[in-house]
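Two complexes, one shared chain (subunit A), two partners (subunit B, subunit C).
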Partner chain A sequence: MIDPVRDPVRFIDERTSAAPLIKKAMRYLFPDHWSFLLGEVVLYSFIVLIATGIYLTLFFVPSTAHTIYHGPYKPLDGQTVSDAYKSAVNLSFSVKAGLLMRQTHHWAADVFIAAMAMHLMRVFFTGAFRKPRELIWLIGLLLLFTSLLEGYLGYSLVDDLLSGMGLAIGYGVGLSIPVIGGPMTLAIFGAPFPGKPEFWSRMFITHVLLIPLLLAVLIGLHLSLVAARHHTQFKESARHTERRVVGLPTFPAQTPRSIALLLFTAAVLFLLGGLIQINPIWQWGPFEPWLATNGAQPDWYLGWLIGALRLMPSFDVTVGHFTLVPNPFWGGVLFPLFVLAVLAAFPWVERRLTGDRRVHNLADRPRNAPNRTAFGVAFLSWVFLIFVFGAADRIFVLWGLSYDTQLFMFRIGIWVVPLVLFFVVRRVCRELRAADLLEEDQERAERAVAQREGAVRAGT
Partner chain B sequence: MTCRGWIKFRSVAALTVVVALGTAAIAAAQPQSGIVRPTYEPPKPSLKLGEQLYAGNCSTCHGIAGAGITRGRLGAGHVLGEGPPLRNVGAQGADFYLRMGFMPLRNIYSQPGPQRTRVLFTNKEIESMVMYVASLGHGPGIPHPDPAKGNLSTGLQLFTDHCAGCHQVLARGGFVTGALVPPLQTLTDRQIAQAVRIGPYLMPRFSPKQISNAQLDSIIKYVQWTNRPDNRGGWGIGNVGPIPEGLVAWWIAAPLLLIACALIGRRFKRS
Partner chain C sequence: MRALRWLLAVLTLGRLARRRAQPESEKERIVPKGTPERGAENLVLLFFMLTMIFAAGFLFVYAYFNASSMPNELLGICIGGAMACLGGAFLVIGKRLVVTEELDEDYPGENPEEQEEVVQIIHESGSRITRKRLLIGAGTAAAGALGAASLAPAVSLGPIWDTGALDRSPWRRGRRVVDETEAPIRAADVLEFTFYTGFPEGAPKEDIASSLVIIRVNPAKLKLPPVRAAWAPHGILAFSKICTHAGCAIGLYRKPTFTPVEPNDALVCPCHYSTFDPYTGGTVIYGPAGRPLPQLPLEIDSDGNLRAAGNFSARVGPGWWNVRSKPTFGTD
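For the complex of A and B:
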């Protein structure tokens, strides 16, 4: 008689001796607080990105060779376009589920990075980056910034009007890097903008293979290190200590929760992909270097760079007739590198400032670290305001607040608002903590009174 | 910034001073709009009515018989009048500015440039004034485009070449240094043709050598098509690109996923 469960398990175990490992994995403990699920949303968006992306590569032609479009979309009929653009339009019009996949892919990219940003905030505001998890934090930052580049490449590959304008800005920002910018950007593009045809092959292989591979490796490393050090947890009860991990085992508790979240994430992304239009490239039309459209914008996750480019006062660093640092460098290169550097250095800076060098497995509630929380909110608001200014032209069109007025307001506001928020948030945190302590005192006193009364009653 | 030349007209609530120029009209002050009308208006559009309306409402800035006023001088309601000559703008220009509600200016300080606000004259009055302005010189007449003869694909191509840089590729409008660029969805065929030929405010004017009448038909066909673009991807969220897309990601997708996390996970509770 063959046992359908035991026999295959024994077969595998006898040949791999994997049972102890699997047992360990199944008993691995997961946190059950909701905010710890944000990282999973990132992972599941990534899975949707890979799945839809593979489907797209089956039909996309990464070539700038010119061809004539004839097809169901009348406003383009008879126009000279690139193979890349034509294949992307055909993908949207003629391939089965092509448009659904393309839109879901794009929504997944937007949500992937949004979820990353939320995950980053959770980790930051709970102090989960502290020793012994600094490496996890650094790899996470690397993941975020690599994803920004990956998203930009995807946006650029399609060769529609928006992607061409995006590349032109990228080219300009690349050239602005002091000394090495010129040769480096020309090496990447192969020739002055719009570059050689090979540039398309380079973007394509980077977008569909190199960076996804890098992201997968980094995600693997990120998760392995999380597993090695375990999750952090809030001090919710006496059971939650620095030395004891409290949580739900992989099986049977966490597995259904994770599967549910995976399915829910995929459902949201595919619903968006099916119901809400994203990047209608057929409407934008093909790109040529002399064409432009008003109101062109990058995807949201690069909006902060556009904002910085627009907000930066106009000045270059020149030596005689030689421009050492052209203006786009400040907003397009230095600003994101500065944000990255601040975030990357933060664990060590905080350690230096607080003198706290201990290992931390308990996560802070944001109110319990007023200075960190206040700094985080201030820094976030600084980046956020610069991000908002990236949409100043739309704000003007919608609400009539003139561009110059906004420029003036934001150039002051990006410094004043974070400063004010710093002190407000710090105060709020301190008050909340004081209230918590008061409440604890009260409870302790009430318990003592209750005990005494009980003793009295027992005595009579 | 200032826009030289246009300036200096006010919707004057207390306008009692009647401007008497040429064969001046006796006008009744109409406080709401500040428009000066002759006491008797003929039932049909006429050159004479146009002349009277011009004298009462336009000449403070545009001068006697469309001569223009280059150096500001006080006119009706003590408004410092200053405005471009209208001798050779023809029926096209008068029809465009009056029918679109650019003129009369809502506010002499209206910046940047004259705004499309409200039409203060009746159809008959506008036709009369157009007749009058046309009679002042040798300007172009009102164009009569025929977009049915145009080609949609040529239209998109030409629109991207000449117009999208300011008007956005789906004619949703936008911003250029010094001006707000209007969306074009509400315009009539004739108004689009007039705008192309006139070049209001910062917009360049395109002669028939640059954009032929046949090409103009294609452009108009495309612009009218943008009223109902092919949103086969679903809800078009305004057809202006990534800004609304980012809003959807953060205000629809992110809350849904946060709710899912909150339902699946547990909330903080000290025990």
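For the complex of A and C:
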């Protein structure tokens, strides 16, 4: 008789000797806390990105060769456009379910990076990056910054007006790298902007193969390292200690929960892709290097770079008649690299400053690390204010606050606000912790009194 | 009596055999036993059914409509709904049907003994090597050489050593200025308070050094440098349309809406709002750009059409190491 469970298990173990490994994996423990879901959402968005992305490649033509659009979208009928743009418009109007896939792919990219940013904050503010998890932190940072590039390449490929403007800025930022920027950018583009036709093949292979492969490898490494040292946990009970992890086993408890989260994430992404329009490229029109539109905004995750580029005062650093540092370098290259460097160095800087070199498996409550929390909030607010300034033209349209006034305010605000926040947050953390300690003392005293009373009653 | 004994023996044996046939109940459980939950089971069944309905809906919508009339919202609701319902089923399975055991175990730690052994293995493996440093040095050099050779083909990507491409311009003296349809732009057609995009006749328009932004201003208000005195016939000015900051097109021509603060019109790039003063020859009044907008000298031919009277005042496009060097404007 066939046993549907025992037979496959036996078959696999007899050929791989993997039963001990499978058993260990099934009983691996997952600490249960809502904030641990953020990382999972990243993973599941990535799966949706791969699935929808593969579908898109079956129809997309990565070429800037000129062609004439004829199709159901009448305002564009008869216009000269690129193959890339035409195939993306066709995906939206002439391929069944193509628009759903395109919009879901775009939404998934936005959610992917948003969830990643939130996951990063969760890990930062709970101190989960500390020994023995510094490598996981570094790989996570690499994942985030690689994903930014991946997203940028993705929307650049479409060759609509917005993507072309973004690409022009990328070209300008590339050129601005001191000394080597010119040759390097020429090599990547193959020729001055908009580059050789081969540039589109280069972008395409990078977006659909090289970076996804890198992301998959990094995600695999990230998760293997998490599994190797296990997840952190909060001190929820006396059972949760630095030495013992408390959680639900992969099987049976965690598996259906994770499948449910995968399906919910995918459901939300497909609902967004179906119901909420994103990047209507047919409205932007095709790109030509001499065209630009006002009110252009990139996808949210590049807003901080736009903000930094816009905030910089007008100057180039020159040496004789050579331009050592062209202006876009500050906002477009140095700023993100600085943020990456600060985040990457933080575990080691904190170790140096606190002298705490121990292994930490318990996650901090943010209030219990006032300095870290205060620094995190200040640093984040610095990046966030620069991000907000990236939308200054929209703020002007919405609230009429003139661009010049905003520029003036933000040039001061991005330094003052983080400084103020640092001290405010540190104070709040200390007060909260003092209140916690007071409460604990009170409870301890009450317990002691109750015990004494119990003893007295027992004595009488 | 004997028959009765036999019967008893057979019955006992039978009972024993039955007990032997169910050995699992004697095994110690790994996953603790939970109580049945028929309500949760029913809920899961309901979610599975809803999943099927939504998925069938997706198939129907997909098959029924053609591409141009496809209701994208309905497609999204159907597939998203199917996924959400299946997710609901799994959530109920996870939270109410399978056994939820909160277990604990030791965090994995370091392995000092194995660390030592790894070090020992590596150290002891080199006992036959006498000239360690030389071998390591030569090995590194060999690997570096092979690496350089393997990476060298990347140079084919583009003109890495020759940055002359960044210095090319299709403009030269006498070249006619045409619009997007290759029609010459007549000086008389260029009006004040608006802007035009011009291109070199017969040259590729997408070339970064091709496109011009052309405006007409009151010649009396011009404050061009003396060498450029003749560059703007009748107050018609031409600048490179590519911003010197990050390479976007100068897509905005700002007219003074509030004269006390902004007395003059200006050319603006909408990407980062670099703002250039056309009257002074494209100098930066505002925003992040570090260099003025290159100006193209114009002349008007006998037919009244605009022509270039030379090349740009400086290299075109975003800044890089050599952008401020004297332009040579090579040809392709």
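We adopt the following convention: the second predicted complex is superposed on the first by the 460 of 460 C-alpha atoms of A that agree within 3 Å, B and C clash if a C-alpha of one lies under 4 Å from a C-alpha of the other, contacts with A are read in each partner's own complex, and residues count from 1 in each chain.
Note that in this section a contact is a pair of C-beta atoms (placed from the backbone, for glycine too) under 8 Å apart; a residue touches a chain by one contact, two chains touch by 3 or more.
Keep in mind that this is a model prediction, so the values were computed, not measured.
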{"item": "Which of subunit B and subunit C A:234 touches, first, second, both or neither", "value": "first"}
{"item": "First (subunit B), second (subunit C), both or neither touched by A:33", "value": "first"}
{"item": "Touched partner set for A:391, first subunit B, second subunit C, both or neither", "value": "first"}
{"item": "Partner chain in contact with A:430 - subunit B first, subunit C second, else both or neither", "value": "neither"}
{"item": "Partner chain in contact with A:41 - subunit B first, subunit C second, else both or neither", "value": "first"}
{"item": "First, second, both or neither for A:245, with subunit B first and subunit C second", "value": "second"}
{"item": "Subunit A: partner with more touched residues, subunit B or subunit C", "value": "C"}
{"item": "Touched partner set for A:99, first subunit B, second subunit C, both or neither", "value": "both"}
{"item": "Touched partner set for A:76, first subunit B, second subunit C, both or neither", "value": "first"}
{"item": "First, second, both or neither for A:360, with subunit B first and subunit C second", "value": "neither"}
{"item": "Touching both subunit B and subunit C, residues of subunit A", "value": "32, 93, 99, 103, 257, 260-261, 264, 268-269, 272, 274-275, 290-296, 393, 403"}
{"item": "Contacting residues of subunit A [partner subunit B, same complex]", "value": "32-38, 41, 73-79, 92-93, 99, 103, 106-107, 110-111, 114-115, 118, 161-162, 234, 236-237, 257, 260-261, 264-265, 268-269, 272, 274-280, 282-285, 290-300, 303, 365, 391-394, 396-397, 400, 402-403"}
{"item": "Subunit C residues within the subunit A interface of the complex", "value": "31, 62, 65-68, 70, 72-77, 79-84, 86-91, 93-95, 97-109, 154-155, 157-161, 163, 165-166, 168, 197, 199, 205-211, 241-243, 245-252, 261, 269-274, 284, 286-291, 317-326"}
{"item": "Residues of subunit B that touch subunit A when the two form their complex", "value": "112, 152-153, 155-157, 160-161, 164-170, 172-177, 180-181, 222, 225, 229-237, 239-243, 245-246, 248-250, 252-254, 256-258, 260-262, 264-271"}
{"item": "Subunit A to subunit C touching residues, read off their complex", "value": "27, 29, 32, 72, 93-100, 103-104, 165, 168-169, 171-173, 175-176, 178-194, 196, 202, 228-230, 239, 242-249, 252-257, 259-264, 266-275, 288-296, 306, 309-316, 318, 321-324, 326-328, 331-332, 359, 361, 393, 403-404"}
